[in-house]
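Note that the chains take the letters A, B, C, D and E in the order they are written out, and that residue 1 is the start of every chain.
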Amino acid sequence: GTAEQAGGPASPAATGGATGNVAEGFKIGLLLPEAKTARYEKFDRPYIEQNVSKFCPNCEVVYNNANQDPNQQQQQVDSMLTNNVKVIILDAVDAKAIASSVSKAKQQGVKVIAYDRLAGGPIDAYTSFDNIQVGKMQGEALLNAIRAGGDPKRGPIVMINGSPTDPNAGDFKKGAHSVLDGQVTIGKEYDTPDWSPDQANTEATGAFTALGADKVIGVYAANDGMAGGIARAMQNAGVKKGTPLTGQDAELAAIQRILLGTQTMTIYKPIKPEAENAARMAVDIGLGKQISGTGTVDNGSSSSIPAQIIQPIVVTKDNIKDTVVKDGFWTVEEICTPEVRSACQSAGIS
Amino acid sequence: MSPLEPSAPAGPAAQAQVDPRLLVREQGFAGYLGEFKRRVRGGELGSLPVVVGLVIIWIIFQSLNSQFLSPQNLSNLSIDIVATGLISVGIVFVLLLGEIDLAAGAVSGACAALLAVLYVNNGWNPIMAIAAAVVAGAVLGLLHGSFFALIGVPSFVVTLAGLLAWTGLQLLVLGPNGTINLPDAGLVSRLTSTYFSQVIAAYGLAALATAGFFIVSYVGNSRRRAAGIPTRTMGDLLFRTAVLAIVAFGAAFILNKYKGLPLALLIFLVVVVAADFVQRRTRYGRSIFAVGGNIEAARRAGVNVALIRITVFMISGAMAAVGGVFAASRIASASQATGQSNVLLMAIAAAVIGGTSLFGGRGTAFSALLGMLVIQSIASGMALEGVSNSVQFMVTGAVLLAAVVIDSVSRRSQKASGRA
Amino acid sequence: MAGAILELEGISKRFGAVQALTDVDLEVRECEVVALVGDNGAGKSTLIKVIAGVGPADSGQIRWAGRPVSIPSPGAAQALGIATVYQDLALCDNLDVVGNLFLGREMRHFGVLDEVGMEKRSRDLLHTLSIKIPSVRIPVASLSGGQRQTVAISRSLLGEPQVVILDEPTAALGVEQTAQVLDLVERLRSQGHAVILITHNMVDVKAVADRVAVLRLGRNNGVFDARKTSQEEIIAAITGATDNAVTRRHARGEQVPEAVDE
Amino acid sequence: MAGAILELEGISKRFGAVQALTDVDLEVRECEVVALVGDNGAGKSTLIKVIAGVGPADSGQIRWAGRPVSIPSPGAAQALGIATVYQDLALCDNLDVVGNLFLGREMRHFGVLDEVGMEKRSRDLLHTLSIKIPSVRIPVASLSGGQRQTVAISRSLLGEPQVVILDEPTAALGVEQTAQVLDLVERLRSQGHAVILITHNMVDVKAVADRVAVLRLGRNNGVFDARKTSQEEIIAAITGATDNAVTRRHARGEQVPEAVDE
Amino acid sequence: MSPLEPSAPAGPAAQAQVDPRLLVREQGFAGYLGEFKRRVRGGELGSLPVVVGLVIIWIIFQSLNSQFLSPQNLSNLSIDIVATGLISVGIVFVLLLGEIDLAAGAVSGACAALLAVLYVNNGWNPIMAIAAAVVAGAVLGLLHGSFFALIGVPSFVVTLAGLLAWTGLQLLVLGPNGTINLPDAGLVSRLTSTYFSQVIAAYGLAALATAGFFIVSYVGNSRRRAAGIPTRTMGDLLFRTAVLAIVAFGAAFILNKYKGLPLALLIFLVVVVAADFVQRRTRYGRSIFAVGGNIEAARRAGVNVALIRITVFMISGAMAAVGGVFAASRIASASQATGQSNVLLMAIAAAVIGGTSLFGGRGTAFSALLGMLVIQSIASGMALEGVSNSVQFMVTGAVLLAAVVIDSVSRRSQKASGRA
């Protein structure tokens, strides 16, 4: 925090793309899409802030959360520009719709790093997981678990996708279908407004009643929140114990369910490296350094965006210890509450 | 002695005074039928039109999917209505005042979060945790009510501020870890997964309700006769009892064909009946209706308007918390999504669909039950079908409208005939 | 004659830019009927709302049985023993006749409303005032103007008031009901109550009032002994002139209406 | 004497379980004041609401200048030339006096409300009825009972009605204002209009009415020539008995009120 | 000739009739001050309390972040209020009736989707596409209005059904691909990205507004004087004009320090002024107030209540569509999220915060402007600060409440003094 931070009207040097320096520091904007999913304020934000202050102790991170509202996010980009940030780390609510805001930032000489979701418009760098890939991994895990029990077409499966208003949900769905179509019988499929666990519960209950609870051989749930509602519905409806159920996000509740055997898998997106990438890229760009990625991506408006893509990881009972626990994503104490303690022990987590 | 007494004739004289314009209905069944026809024409059918709407919805969904009316689905339905239905009972109180509580959903979410944190993270006894959650709901309601009644901020604004603030509180309470799982075998989860599977439970309840209704009506009637004021005919009384018996035993029969009487349903029914009792049989309830009907008249009659307003918002807050407990119980977890999304709108819609006026002074706790049945039947029917989201939204909207149109049309003829 | 139970002194009240009452005094004694008269908008209803705690005064003093009191709310007035029938009736349209009659003082049986008791009492009460209401269980919204007024009057008498304030109680009443209300006023007086009666009907004033207090444009305009003052004098005090529409109308002598009792 | 402008025949109307009107007939001629009288709840207001299109009858016939007409809405009544002052006044509390007076027939200047013109006209109108309203720009919610009533009466006269229906127009009015309204009724008659006047005041009935139609418990109970019938006869028709509270009250002879004009 | 005329004295006589109880205020500045004090005491301050609340909010946020009152931020703010503000203008019409339109957000989303599909996917001319979207909005409003006015379904239920159905329609229209981007340089996008950067534009508008206000007031005053009815004093008139001038030129000055007068703001202001004109200066507007104040009185006065209701819902639908167009323009895309989330609640809240009653018959189109300024100032201040989500929710709720508390307290003293 130096002269710029002290406030007062913007000096012309603060905007217009002049490079900053480590001694004085500069402002980095961080825009996250929502708070209904645990990860954003639990991991993404603190990791990025920690890493930024590691790479540039005098830099300041200005944070905003858009509550799943693209218009609000656009306003937040404007605020960032008013606030004289030099770089924006942007996790778009609507990757496509944010393009015009990205252009506006570009016009003002502010650099934009797309974080987690590949935003449209003239972005300068990208770091993320591949969302279609996430869907594929969910599908594969589900298929494997079903196959382990016999003929994958011996009964119907139920698919419960995410919110139709979330573009990521479409990607997950696409990825999962690319694996499952033809291999299994999809008995019922739902899109769930707001990723609502209650709604997912109602949908699953309906599906089990319609298809016969004892016939269903697997359930695809697009994320862990919904998987929670579904797991309960499976129990109540009398779906066979151990019937496969997917998830995503490696939420604490899901890890516990996996240990207890009411959920089969989740997708762990190692946020730490992702956040570290974003922080490093932001500081580098702010200092005017050239940045390089593990490759490049094309978002439709720019074709060679330097990108660092991280592989998501499938988490099952077997690798909880080596993934989320090892990364410090969740501690053993957090996971192994009294309810789960014995399951922890048998899975070798302690 | 009131100054009116001296020249007031004794009871029996008053009895004799029957207005010749009052159309007395014939005795017996013919009279009942005639009265019914008159009511249909006059539109004074109470909740019958919505019940008809509900039956039509059931017939349609059943014809689309034969599982719809299966004991399993109906049993699930009867549990699915509970969480939002409980919130809706609180909303009915607020609507009777002619006010609105936009914060009910957020309060339910925040209190569910509190419950989960106390119970799971802090290891509280579940009963204590539930009590704490409900008290917290009442306190939030107290806040709303005070700003509204004492400072005069419109309830819409107070509770909108509450909606935002308690959503924030919910996030804060849950902490960064998000969803908290409730133990499957714990008391809270069992609230919605316990069934009284003994056949006698459901039938016993049905019998109790029927007998209770008959006895209360009969005794009331006798007292009226003794006091020399108009009474219902015995035929009428028996007819009503019979209708209740058919519904109650029918429901018991169906529930017994699945897992038995669900605890959650039992609790919900008890709450609805208790709320109805408070609203219609106590001075407090009468005061709520009075404030909702004409606040100035109530004030001049010495009703403590501020107290009524504050306590009603406390009831709404507490009921929201109870609803939140059941919502958490249903999916055995509390998360940032509990009470969010359209829980609030559905709770209000249930009350309105069930016949409670948004403008105050008219309604009953039973509308929460009836309205939730309509709403949840649509949701369940759609879930059985598994149609695409866009179609689902549109059908839900259309069916909701259709369910109320019948009611509105009959009310319109009522309005045309000068009432309502 | 008993002493003053209620005294008002220097009451002033303002609504926005309108000075509705300026320095008004009024005294009411036990066993007395005071008629409060005045032109439309003179401030009569405003004054009684001050007494009833509905719209407290901006300044001025109220004494009850000699002690200064403040009446900040309708409840306070009721506690003192003041019952009021308002000109705008103030009934809850959504409640039935019984509900309105007993609002705020419901009869109860172990905490539960005693509907049977209240209904019986209501029927008796209404009968006294000769009003025919088809059923005491219909919402007051569907009553005729006069029926509503009778409900309001009965309401005020349910408690044990010491002072009864009636703001144009007979305005909507039929001839028979009006006679009943006048009888009632006299009965109240004979039982030792004080009555403030607001009315525009000079015949009624002469019939039941002991004293007549006149308000004009929000100020006192004289207190008269009802028995010793002619209608013309009172009307002159009300209109502020001996030449007014009433006298002109009579001067035209188009037709001489007979008095009710001739 | 001119022919009947408005004839009602066999009008019946029912509210829920209450048969408010049964087979009622009524005839009103041009240049005539018909007083419609009856006990509280007799059905007077219900009957005039039938004529005004506010609450159409269940059965029965209405003829206007000899032709059968139906009056399904207030607009239809207004189009025929019927203006009505309702007992419950029906004013919009949130609008000011001017807004209420001109509601539904606002004066306009190139499509824009002519507030200046309306305000001027309002002040003149109210002046005619001797009413003092502090400002014609305050919401009617803050008017006194009598002030509200004058607004309602003025309202009905703004158009060019052929039949004017007044439901207890003087109930809340002061003596001077009452005289003005009676003057007005006579002026209306002399200009060839027909007037239906509902009132409980027999003095007023005798003063201005040509004929008196009595309703009792929702049925016709005789039509009298006002000049040839005594008040006692009319009251007996209203109450359905010669022995009623009014006669009893007089019989007690507690005090003989003087008539207004003596 | 009205029967009242014969004895009616000519104008001047009426003039003379001044009620002695009416407190005439002194001439000149002293009189103005005295009147002002009286109003403060009496609570008749109109929108002043909310303006005070707004100023306090601004001072607080400015002290937290010096960028808050920067021309850039204020200029952005002035554009950010437009989309929801336009929806709110329609909501004001509905609230004046004492009704509610829960579908406004969904209608705005569905119409924005329609616009995008016609314009981008089908290659329509943007003007035609906008026109189609607005007409579609009006048609949806017509549907709501008809069910409400003709069938008698409560507006809450009709528009709740609409909220669901048109959300479905929005998803359907957008198709499976979701978001549709609008060309950055296209007409629709330019609606919110065009600034009149000539200094003269903003000042010219300010001058026009000030002069227009003065001339209209002055001419009105002269006509009143000529007609012999009470007039405002010249000092009063000049004072009001001066206040308007300060606000208008101040705003122009600030806008000119950034990019100039935003087109979107200009359009919004024109719409608000036009809506205010319709509401207060036309027979139609008067009828809306009458229906909202006392529907039975309006009906008896011959107002076509059904027509008023239907057209008001059409206006609301059309304004929602216009708002949707601006929402899409602002982010140069239409998606499933357009008009969703809390757009609806904010649009209603803006109207209510600005002083429009939820119970009908009281309010002004300007409340949409004022309320949106409050809401968006909070959002913008929070965005500049960058706090965590839970805190953000709670602060927003608290500030919203605080902004209205000032208003409520002043209104309360008004109520105590017997008005409102």
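Going forward, contacts are C-beta pairs under 8 Å (C-beta built on N, C-alpha and C of every residue); 3 or more make two chains touch, one makes a residue touch a chain.
The model shown is predicted, which means the values in this text are computed figures rather than measured ones.
A.B. asks: Could you name all chains that are in contact with chain A and with chain E at the same time?
C.D. replies: Touches both chain A and chain E: B.
A.B. asks: Please name the chain that ends up farthest from chain D once chain centres are defined by their CA atoms averaged.
C.D. replies: Relative to chain D, the chain whose C-alpha centre sits farthest away is A.
A.B. asks: Quick check for the class: compute each chain's Cα centroid; which one is farthest from the centroid of chain C?
C.D. replies: A
A.B. asks: Any idea how many Å lie between the Cα centroids of chain B and chain C?
C.D. replies: The separation of the two C-alpha centroids amounts to 42 Å.
A.B. asks: Using mean C-alpha positions as chain centres, tell me how far chain A is from chain B in Å, no decimals.
C.D. replies: 40
A.B. asks: Taking each chain's centre as its mean C-alpha position, how far apart are chain A and chain C in Å?
C.D. replies: 73
A.B. asks: Identify all positions of chain A at which a residue touches two or more other chains, and write them in rising order.
C.D. replies: Residues 35, 41, 164.
A.B. asks: What are the residues of chain E that contact at least two other chains?
C.D. replies: 19, 21-22, 171, 389-390, 392, 418-419
A.B. asks: Please output the residue numbers of chain C that touch at least 2 other chains, ranges allowed.
C.D. replies: Residues 15-18, 132-135, 142, 183, 217.
A.B. asks: Quick check: in the complex, which residue numbers of chain D touch chain E?
C.D. replies: So the residues of chain D in touch with chain E come to 52, 54, 73-75, 78, 84, 86, 90-95, 99-100, 103-106, 108, 111-113, 115-117, 119-120, 123-125, 127-129, 132-135, 139, 141-142, 154-155, 157-158, 160, 183-184, 187-188, 191, 193.
A.B. asks: In the complex of these two chains, what residues of chain A are touching chain E?
C.D. replies: 7-10, 30, 35, 40-41, 45, 61-65, 67-72, 74-76, 78-79, 81-84, 93-94, 96-101, 103, 120, 164-165, 167, 170
A.B. asks: Enumerate the contact residues on chain D facing chain C in the complex.
C.D. replies: By the definition above, chain D touches chain C via 15-18, 38-42, 44-46, 87-88, 130-135, 138, 142-147, 149-150, 168, 171-180, 182-183, 186, 200-204, 206-207, 217, 230-231, 235, 238-239, 244-246, 248-250, 254-262.
A.B. asks: Any idea which chain E residues touch chain D in the complex?
C.D. replies: It comes out as residues 2-4, 6-9, 11, 13-15, 17, 19, 21-22, 220, 223-224, 227-230, 281-283, 286-287, 289-290, 292-294, 296-304, 360-362, 418-419.
A.B. asks: What part of chain A is in contact with chain B in the complex they form?
C.D. replies: Of all residues in chain A, those touching chain B are 35-38, 41-43, 164, 188-191, 193-199, 201-203, 205-207, 209-210, 224-225, 228-229, 231-233, 235-237, 251-254, 256-257, 262, 334, 337-339.
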